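Chain nomenclature is as follows: A, B, C and D, assigned in order of appearance, with residue numbering initiated at 1 for each chain independently.
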Amino acid sequence: MRWIAKAAAVTGTVLLMTAGGVNAVEIHNGSISEAEVLTTQKAWGDALVAISREYDEKGVKPAQDLAEKVIDAAYGYQLGPVLFKPTLTQEPQTFRTDREGALSYFVGHNPKYPADTGFALKGWREVEVKNAAILLDGEYATTLGKVSFTDKDGKVTTVDKSWTFKKDDEGTIRIVQHHSSLPYATK
Amino acid sequence: MRWIAKAAAVTGTVLLMTAGGVNAVEIHNGSISEAEVLTTQKAWGDALVAISREYDEKGVKPAQDLAEKVIDAAYGYQLGPVLFKPTLTQEPQTFRTDREGALSYFVGHNPKYPADTGFALKGWREVEVKNAAILLDGEYATTLGKVSFTDKDGKVTTVDKSWTFKKDDEGTIRIVQHHSSLPYATK
Amino acid sequence: MRWIAKAAAVTGTVLLMTAGGVNAVEIHNGSISEAEVLTTQKAWGDALVAISREYDEKGVKPAQDLAEKVIDAAYGYQLGPVLFKPTLTQEPQTFRTDREGALSYFVGHNPKYPADTGFALKGWREVEVKNAAILLDGEYATTLGKVSFTDKDGKVTTVDKSWTFKKDDEGTIRIVQHHSSLPYATK
Amino acid sequence: MRWIAKAAAVTGTVLLMTAGGVNAVEIHNGSISEAEVLTTQKAWGDALVAISREYDEKGVKPAQDLAEKVIDAAYGYQLGPVLFKPTLTQEPQTFRTDREGALSYFVGHNPKYPADTGFALKGWREVEVKNAAILLDGEYATTLGKVSFTDKDGKVTTVDKSWTFKKDDEGTIRIVQHHSSLPYATK
């Protein structure tokens, strides 16, 4: 199961017609397209639902195994620190710039992070992304919008979310920045 | 008054000693340095305090005039939409991707944004940035951390904040993404 | 007359259908496309022919005026030094990293560059670009290939040419690197 | 033997003093510095000399083995086509966008490239790079200048050379564009 699709044709050969005849040109495109951004966001939501289902059907260990695969495929912890501020974290463990902190946030059960209850274990059945704006600039794309999570009881939770994606040298699109927060509530 | 310092020497000439003698090399550096990031963050905080003082000392109109200058100097609305999720905004006006929405957030008094009370008018006297991580990649730098605001009564408000800065073609560093949120509070 | 077409829609609003209805998303795309690269290369060739015709029909001064406009529109001397190695230059004036040196190369008549005879004044009537490979990465695109120039007598000159194009903050595509050379001839 | 030094500290932790005390910040810097460019150019020259010496002392096979290592370490053929126009190539094999073509140019002995005599086998003992200009922009650096090769008889050959370097995801700096040409000679 591949969570984040590798770009189908980062490098290819294109035939162009010119006055002088057909000309084969090698094209290497390192830029992310809008379509790739939308596909990657959808894959992130599908992966979250898949972890929730794995937990409900098979228990915590298979859910953790799946979450590790998702994090390794979708996030950029191989590239350096990820600027990840999850929705439900608090001081002194607000930021999860390393892989272990991200894994604990999604599936909990890590004594080093006692407040983590496992965001991906909360029975999610559907994720919808509504982008307000998208910036595309080469290997990087940044998005801002609302993301809504529906659980198995039909309850909907909506968050404000920023993501920065980077297409790595192999054409895999990875999250390098992720800031999520509950909407501001007037007291 | 310059809020965001233009890079002192984006383009310059450097003398290098080689076996063959002195060699003048023209260097053009479009990348943001860590020092520039820290300076730009500090300038953002200083500007917020300056707007607060202007409001307290001279009233709303001078504060608005100053806020316009700050937004034009520090944000990238000239370049396209800015992915700005301010701390205290709500549906259906959560995101402020245009200049008018940003200005209203900082100084209020815009009937199109009835919920805005003016974040920059709240008597701020000191701003401190504590970065957790910084990514530098050419024209872009992304930061994640805590920002604390102290008001004239000594009350401190701390938020979780992500910024992406872009050095534009003229060497000015501009905010192109800004996600700010109150820390998650366990109910 | 526009030599280098500004990108039609760097920033735009796109309507996306989602489960929740229609969603307007602001898109800002700073990346160069393959089509923009090909259009820009063709515009460079057309501009060279236009300068040649202006010289043949109206004389050196109008040709120089046109060349200035072309250089300001097509090259990136506003952004910093351009890494320009023209086909026919020699020591100690091989490299033309500033605007004056580029202008002299194309239209000559500058006593500071006594060897320049004006490459754009040589009666060109057709320019054909055959790319071997193109790299696309965000604001930058780099090309490598053969460029053939046909003059009014039907004589064809072919050179090896590398170009790096940068899309600037206003969406104009500019040459920031240009290395041109006659094919290696076995002695 | 490492030909191209990996950046010593792409990712690191920095301690910053703030009003609130010491603050540990994770820094990830994907940008190439001027010093890295100069080091990489010098390493390219040293590698060429090393292949020449290997050939003179041990013969063609060890020189070829070394050249393969150099190409794999210094060029970006892993990332896609490299826009390589070597100094001494001709139609129809002017451009060497794949690894095999590059290897043949440097060490010859490939029947598919009958005109290649092996540029790295020509007894080079010293290489000097004189940059005219350098552009730095994040992962990419582009240089333009003269490169002089001195052989074992003291004969000097000088070429005009453009290089574009890219720092890959692992921090290795790789050549993705390389245009080299003999100086234009007035006939």
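Assume a residue touches a chain if its C-beta (ideal position, glycine included) is under 8 Å from a C-beta of that chain, and two chains touch if they have at least 3 such contacts.
The chain lineup, named per UniProt: A, B, C, D = Phosphoribosyl-AMP cyclohydrolase.
Fair warning: this is a prediction, and the values are worked out from it, not measured in the lab.
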Of A-C and B-C, pair with higher C-beta contact tally: A-C
CA centroid of subunit B to CA centroid of subunit C, Å: 36
Rounded Å distance, subunit A centre to subunit B centre (Cα mean): 26
Inter-chain centre distance, subunit A versus subunit C - centres from mean C-alpha coordinates, in Å: 39
For subunit C, residues contacting two or more additional chains: 26, 28, 30, 80-81, 97, 132-133, 135, 137, 140, 145
Category of the chain touch graph - line, ring, star, complete, other: complete
Complex interface listing, subunit C residues touching subunit A: 14, 16, 18-20, 23, 25-31, 34, 38, 128-140, 145, 148
Residue ranges of subunit C touching subunit B (in the complex, touch as defined): 10-11, 26, 28, 30, 78-81, 97, 168-169
Contact footprint of subunit D on subunit C as seen in their complex: 80-81, 83-85, 87-91, 94-95, 97, 132-133, 135, 137, 140, 142-146, 160, 162, 164, 176-177, 179, 181-186
